[in-house]
Structure formats: structure tokens, C-alpha cells
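Some structures are shown below for you to check.
Both of the next two complexes hold chain A, though its partner changes from chain B to chain C.
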Partner chain A sequence: MNTEIRNGSPVVVARGLRKAYKNKLALDDTRFEVPLGRIVGLIGPNGAGKTTALKAILGLVPFEGDLKVLGKDPRTQRDELMNDICFIADVAVLPRWMKVKEAIAFVAGVHPRFDEAKCRRFLEGTQLKPDLRVREMSKGMIVQLHLALVMAIDARLLVLDEPTLGLDILYRKQFYQRLLEDYFDEEKTILVTTHQVEEIEHILTDVMFIRDGKIMLDAPMDTLGERYTEVLVNADRVEAARALKPVDERALPFGKTVMLFDGADAARLGELGETRTPGLADLFVATMKGTYA
Partner chain B sequence: MNTSVDAMAMDAERPRTPRVAPHATHKLKLLLRREFWEHKGGFFWAPIWAGGISLLLTLMALVVGEVAARRALASGKMQVDGQVMVNGLDLGMITSRMDAEDMRRLAGGIDLSMLTSSMWPMIVLGFVVFFYCLGSLYDERKDRSVLFWKSLPVSDRDTVLSKVASAVLVAPALAVAAWIATMFAFLVLVSGFVLAHGGNPLTLLWGPGSPLANAGVMIASIPVYAVWALPTVGWLMLCSSWARSKPFLWAIMIPVMAGIFISWFDVMNAVDLDSGWFWRNVVARALGGVFPGTWIDVANTDVLQLKRPGDMIHQGALLKTMYSVLATPQAWIGAAAGVAMIAASIRMRRWRDEG
Partner chain C sequence: MTAVEWNDGAPIYRQLKERVVAMMLDGVLRPGDALPSVRQVAAEYQLNPITVSRAYQELADDQLVEKRRGLGMYVTEGATARLMASERERFLREEWPMVLERIQRLGLDPKELLDPKSKWGQA
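The block that comes next holds the complex of A and B.
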């Protein structure tokens, strides 16, 4: 099993996942794979099934379908799985009564892959003193502590669900910076969901768009530039450009129009106007058009 | 097998943190310590405060008694054995005049007052365990910290069992320790009083009384408590794992409403039992089992031989009475129900989706 994973076989394989809540499907025949050594962003509008998909991977909710995480079924083998998976599901879920030193002592005592010295090193230079209680911390500090605990665990899959929600920009930047510098390597895999698409765009290696429980797009970041092109079209070329079937268009002031093309011929697009690679946010908006309609 | 071989191959290839899994007992130790950290106030300080306050009350009673006695003496109203006492009460005289039977009664009286005057920590224990169980699986869902606990390699079973052990073993053990400490402090306090009145505390208190045997009885009550409290612990934890809000109301309302319903319609008559049976064996056991001593109802009190008002309690008989509880079907059927409800709580914690 591990041999396969080393050879680049996926850390997560999901086939035909299905999970229905009272009035809607959170997962609807969902299928995707998360390869080893990647940072995958799972991006979708509110209520698209992001969190449900992550909870399924973490074995926190019952669901139907075939799901293997590190070769194990999270429904039946969760206890073993948790030695190799770690997650921050939501900000500020550390128990409020806990002291910094208690948190470290507890994780050190129960987790076989926790490196206590490493954790203390991460906390050096922060305001997180051993006797400080979580209830006395700001939200940013709580996340700092949680991240230090998690990064000191040598897990193979790290799942982050909106890990920086409600933090200011300094903490958000610091969060992803540390994750890249001090944690991530080719043996680890990170799966992250967030609304702040622009901020994680440059750290992702892969991206998945999810909508109504279905994966709409699943691609490595470096192929996005080859596939998608954004063209700034002058008013007189608009009809010609529309003939190439843009997936999205939006008007700018002074008669110009920005069009987004999927897999169109680059040379022909060049004739229409100035071209560039679209940002993830633009791509997301184009893909999710009509979600809340 | 496959996994372990692969895991070894894996570790050989890349320098991962050594995979020496913490031993199961080590995990349990940390889980128990975790509960203690969180509930230090209830488990540790509450019994100590209760003991301290009861000592304070004893002290106040002694002072009030002293003042009243002195006043009575000063006005010549009080006499002891027909002889007006000068310079306060002379307790030394009391022991010198007692015969063997009196001594025996004195001993029993001292032991009984030692046990009762210091049992406040045990009353507090009942409340502490009750509310601890009620919050044990609810609070972590309410503040969402359950997501943190579940991100660690600790199974739901181990977590829930550590909470049960905290409720039926750790908390009672600490309360009993406070009980014993209070008892000795009580003796010291009264000794001071006796000394101040010319009595010899060794012959009057420590000799006839048997504090060590008392302490033994107290410690021996822990296993009985654990078995007897199981149905209540199980019920409260089940409510705690299941209720979306207000676990307290659910925990109280369901058994009480069932009891009222049954009393009202005399359902129990159909199976030849009265509704009192239901209140005693279901409602009381689901809610009151965490209060020490509630087992007296099923205990065999004959051995105590309290036939005449003057009869005194002996530790051996006390022990026998207490352990007669473990010979009753009520204790074990209740415990089995408790275990079933704890198992249901484990399942609940495993699959409960807060959305």
C-alpha cells in the first residue's frame, strides 16, 4: 500500500461519494483524487459540500460511496488513520480552559509522531507562554498555537478547513508562510479549503472546484495557464471573439470586454487583443456563475 | 500485517519521527490528567473547600458552646454532678467517672461524629459528578473543541471511558482523601478544645475513637460507589452526548416525566408492580446514583444491629452493610444498564455530526 503511495499514487481516492442532508445533497456522486506531495485547494461557494467532503475524509460523518485515505476507509479504520492524518477543522477550536503547556503535554503523550522540541521551537519568539490559557488568547494566537502543535506532527496528510477565517492579514500571511517553509515537503500532502482564494493561489499545486457536491474542475495549477486564457477585447472585435465561445465575459469601462477562454487556440486569441493567464479568483467566479441565482 | 511491514520499510527510507506508539496505559493516564486539568475546581478544590467549611462550622459551634457554657457557669445555672465547676469545664473528670459501657458508647459516638462531621466533601462529590457527567460530552461539542480532540489519535472509546473513570474513580478518590483529611483535622480541632478544658485528648478521643478504621471504611466505599453510580453516570453521559441543547433539562425531564406518566396511569399494575417501584428503581437510579450513600435503600442493615437508640456503629458492620449492596441484583442490573448507556454514548460521539 505504501509502495504505491510512494510511486505517486493518490493519498485520497474518492469514488461516488454521496451524502444527503435533510433538504439537499452535500455530496453527489463526488469523485476526486489527491496525489502525494501536493498542496490541493478545494474551493467552492458556501454550501457546496467542501466541509462535508473534508469531514468524510476525516471519518467524522457517515456517507455512502467508496473512499480510501492512505489506503484505509475512514469510516471503519479511523482510529489507525489518525496516526497519519492531522487536521485543523475551523479556527479556534482549542479548548478554552487549556494552558499552552498542557496542550503540548497532551499531544506529546498521545501522538506517536509529535516532536515536542519542534513545537517549542515554533513557539519561541511568540507571546505564547507556557502558562497562558487559550481563553486569554486572541484568535490569531489560538491559531498560532494550533498550527505549532499540528506542524510538530509528522503526519502524511494535513487537512485544513478555513484555517484562517477571521484572522487579520498579518496572521493569514504568516500562517501559510510557516506552512510552506517549516512543514511542507514532497512526502506530505496538504488539503485546504478557504474563501480567500487570492491568498493561497500562489502556494497551491493543484486546485479543485466543487459545486453542489460535484467536482467542477480538478487540475494542477501549472496547467491552468495552458488551458485558460483571458483576453482584453476591444469593442470592435467583440463579435469575432464571441465566435470562439468564451466561457465568461465581463464588460470594463470604455467599451472593452474581458473574455475567458477554455482551451482556445492561443495564436487566434492573440489577434483579438491583449492576453494573460487568469487569476484563480476570476476562474472561480466564471465557473460558479449562477450558483446563488 | 501488510501495513506493518510497509510501515517499517517506510521508516527505514525516510527519517520520520520514531513511530514508538505511546503505550495504551500512558494514553489513558494523559486522558485522565486531561479531565483533571479541566475539572480541577470540581474534583480537587470543591471537596477541600467543603471540608474546610465544615471544620469552620465545627469551630464556630465549639466557640458558641464555650461561650454559652461559660455564661451559664458564671450565672451559676450549670452544675456538673452536683458540684459547681470553677475555671470552666473539667473534662478530665468525665472520663475518670465512666465505666466500660460508657466508654464503648463514647467510642461509637466519637467514630460516628468523625464520620458524619467530615462527610461534607462526599455530599459535594455527588453534585460535582452529576454536573461533570452532564457536561462531559456536551461542552466539547458546544465550544467545538471536540474537533481538536478528534484530530488526535485517541479513539472515542478511550476518551469516553476516561471520562467514566474520572467520574466513578478519580473524583470519589479525591473526595475520600478530603474526607479523611477533614476527619483528622476535626480530631485535632476537638483535641485542642479538650486540652483547653483539662481533658486528655488521647484517652478521651484518639484512644476510644478509631480514625484509621474509619479511613479504611471511607476508602472501601469507593468501589461500591463506582458500581452504584454507573447507571446515573451512563444516563447523564448519554444525555450529554445526545442533546442538541440543555442536557440538564433532558436528563431530568425524561425520567421524571416517565415516572409521572406511570404513576398517573398505573402502568406498573399490569406487571404486578406499583409505581413506587419505578420511581425507586428507575428514576432514582438514573438521577441519584452519583450521591454517595443512596445505596442504603438496598443495603442489608441488619448487621448494624441498631435495635436500641443507644447502639453504636462498628466499622466492621458498616463495611458489611456497604458491601451487601454488591450482592443485590439492583446494583448489577443498574450497572449493566449503565454500561449499555456508556456504550451508546461512545457510538454517539463517534458519529454525531454537528453540521
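The block that comes next holds the complex of A and C.
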């Protein structure tokens, strides 16, 4: 089933993207693909090019290179594309004077694929009553409203830029719960950026690490466990371990060293010390080492 | 919401499968019971649906659950018996020889250990 979905035609194909701001490259010969029916995390430190990449996909910034989103070029076919894409940014933009019912009426008026009844159903049981105004809502409630509006649109690609930034853990958990229960299926694709790596690591089907506008890692989540191993190396085995070329190494108190290996032989690693599969956060830290140096 | 800790050792889909198997062995899930939908499990445990499908697929491959068209996944009639048989087989192959060896090494009498009238024979 996995391979079947991955072989379907990709929703996003990017080749040689380039975007320079004043004195910094936000996209530097960037290439990646987003397959259909996946939940892909685009993860990188601040200023790595995440938001620029998303803006390029949404046709919100000019750039150089070859980019196809659902077979269309966002630079020239943005209007058609917007029928099939939805977007939630960390800076949720809803006018402060607007009431819940007005927001629903507005989206119903501008979006041909918006299902008003569905949206109201999503809001049932929440504190978002029809006459509540945006200015009276907490940050969590605004995101909740935004999500209900977006999930009621039958789009093929949902782009989320730091959707849960500034939310407490209850709202964050609820956000992804709703998304998985009421929205995602094999016909839909979600592209999400976030700093909360641990929180979404099991939700993602694929992950991309971006740094200085370049994709440093691009892999299905279920292959990471086979590929990467972390070893707690005993002091007397450190030299032997280094010979196997770890991609990262850090010393712990009491004479142990943690080393991260990419694609090394599991049996040989087992002789060096205790092994475990690193979490996404561990891989991220190792990949991004020196970023802020 | 159930708090779940996944450990770093095994892939998540396998840990999920083990969890369902444990529920069957404990009698929490019985033959004919419905499993929650992939969507429900994904949302509740915050896992991607592909992981959940994969766990369910392996349970189906082991004939512990079956798909009923349009209704979802159900525990098969023979699931408990099948699991018991494989658990017994595993116990006799892997654990029993070690237990037996220990009993003999400590000079205990298996007959007395299992005699319901002795204080060791009460399960």
C-alpha cells in the first residue's frame, strides 16, 4: 500500500528552485517531491527557507526554477490552483470585527468547494457560537475556527505553516486529532512546517529537513528506523566506533559517547554498545549542527 | 484520551499490533468484536493512518482480524484459539526449558509444586 501511494503522481514537483533575499539565499537549487496521499513535514531552523518554499507553492512569491503543483505552475496558474489548495499560516488572518457566522458566509461566498453544513458540524460542541467575534476569541479558538473553515473545503492539498504555534497543548493535540479524524484520506495531501518535531513525528508519513534553502533529508518516516541507529558507545570502543564513520557524535558524562550512524551494519553496531532508533528530534539536531554558530 | 508511550525499539505499527494482540489475550477484545476504525485510532493516538492500516493489515495476515465489507475490521472467530496456540507453543519452546532447568537445579519436586494440596500448587 505504501509504495502504491508513493508511486501515484506527485502533488508537488520542485526542481532547482532559487530565491534570493537581499543577501541570503532562501531557496538554493532546492528540489523535492510531495507524493499524493501523504502527510509531509518540512522541518528546518528559523530562516532555513521553509516559509519561502510554502509561499512558492502557493504562488505568493516570485522565484526561479521549475515548480509544478497539481500539474500547474503557481506563478501563472495561481487562480485555478487555489480551488485545490488550502492554507493556514501561523499568522491567522481573520478580521477582528468578524463574527463566526460572517466568516462562514464569507468563505461560502468566495470558495466554490466550501461545504457550509460541514463547517457548522465541525464547530458543534465548541465555544465558537455563531455570534462570537474574532476579537473575543483566544489564539486557540481562532485557529480552531480557521481549521473548521479550511477542513470544510474539499481541497486536494492542505498547506500548514506552523499551524499550532502559540497554542497550548490541549489545542495542539485537538488540532491534529481533528485533521486525522475528519479530514485526511488517501486522496488528500498535507504539507506542514513546524518546530514541534516530537509532537507530529508519528503523524507524518514523510519528512524533509531544510537548511539554508537546501533539502538535507527527504525520506518516508518508516525507512528512518532502518537507516539510522544511535549507539551508546562504551569508552573503550570509541575508536572502533569512529572507524564506522558516525554522522554525529556527542560525549556524555561518565565516559560514554552517543554516536549516530547512517546505514551502518546493525550487527557491528551492536558490538559497540547499547543501540536504539533515534527520534526525529535527534536526527534534526544532528543534521542542523552549527546552524546558529 | 489514553496516554501512550511508544518506545524507540520497534516500529510503531508493530507496537500497535502487539497492543491489539495483548487485548485479545486478555479477553478485552473477543471474537466477533469490532476494531475501532483506522481513522479513530489515528486521531486518538496521533498516528498517521498508514501506520494504523499497516498494523491492521498484519493482524489480517495472521488471520486474527477480518475485513467485513463496508463495516470495518472484526476479530475472527478463531483469533483467541489461534493466539493461545501460538503463545503455548512459544512458552513450551522458549520459556519452559529454562523453567524446568531451574526447577531441577534447585532440587525442587515438580509433583509437589503442582499438587493442589501443597502450598505451591495454588494458582
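Here is the rule we go by: the second predicted complex is superposed on the first by the 285 of 293 C-alpha atoms of A that agree within 3 Å, B and C clash if a C-alpha of one lies under 4 Å from a C-alpha of the other, contacts with A are read in each partner's own complex, and residues count from 1 in each chain.
Following the convention adopted for this analysis, a contact is a pair of C-beta atoms (placed from the backbone, for glycine too) under 8 Å apart; a residue touches a chain by one contact, two chains touch by 3 or more.
Treat the numbers as computed from the prediction; the structure is a model and nothing was measured.
S.K.: Based on the superposition on chain A, does the combination of chain B and chain C result in a clash or a fit?
M.R.: On the superposed model, which is not a single observed complex, chain B and chain C fit side by side.
S.K.: May I ask you to decide whether A:Glu102 touches chain B, chain C, both, or neither, giving the answer as first, second, both or neither?
M.R.: The answer is first: A:Glu102 touches chain B but not chain C.
S.K.: Scan A:Leu132 for contacts with chain B and chain C and give back first, second, both or neither.
M.R.: neither
S.K.: Which partner reaches more residues of chain A, chain B or chain C?
M.R.: For chain A, the partner with the higher number of touched residues is B.
S.K.: Applying the document's definition of touch, where does A:Gly225 land relative to chain B and chain C: first, second, both, or neither?
M.R.: Only chain C is touched by A:Gly225; chain B is not.
S.K.: A:Val247 in the overlay: touching chain B, chain C, both, or neither? Say first, second, both or neither.
M.R.: Neither partner.
S.K.: First (chain B), second (chain C), both or neither: which does A:Leu217 touch?
M.R.: Neither: A:Leu217 stays clear of chain B and chain C.
S.K.: Report for A:Met288: first if it touches chain B alone, second if chain C alone, otherwise both or neither.
M.R.: Neither chain B nor chain C is touched by A:Met288.
S.K.: Just how close are chain B and chain C at their nearest CA atoms in the overlay, in Å?
M.R.: Between chain B and chain C, the shortest C-alpha distance works out to 15 Å.
S.K.: Taking the stated contact definition, name every residue in chain A that is touched by chain B in one complex and by chain C in the other, in rising order.
M.R.: Overlap of chain B and chain C footprints on chain A: residues 1-2.
S.K.: Under the stated contact criterion, what part of chain A meets chain C in this complex?
M.R.: 1-2, 5, 38-39, 173, 176-178, 180-181, 184-185, 199-200, 202-205, 221-222, 225, 276-279
S.K.: Any idea which chain B residues touch chain A in the complex?
M.R.: Residue positions touching the partner: 2-3, 6-7, 9-10, 14, 16-17, 19-22, 26-27, 29-31, 33-34, 37-38, 140, 143-148, 150-155, 350-351, 353, 355.
S.K.: Quick one: in the complex, what on chain A touches chain B?
M.R.: Answer in residue numbers: 1-3, 6, 21, 55, 58, 60-62, 71, 78-79, 82-83, 86-90, 93-99, 102, 105-107, 109-115, 146, 150, 154, 187.
S.K.: Per the contact definition, I'd like the list of chain C residues that touch chain A in the complex.
M.R.: That would be residues 1, 6, 8-9, 11-13, 39-40, 42-51, 53-54, 57 of chain C.
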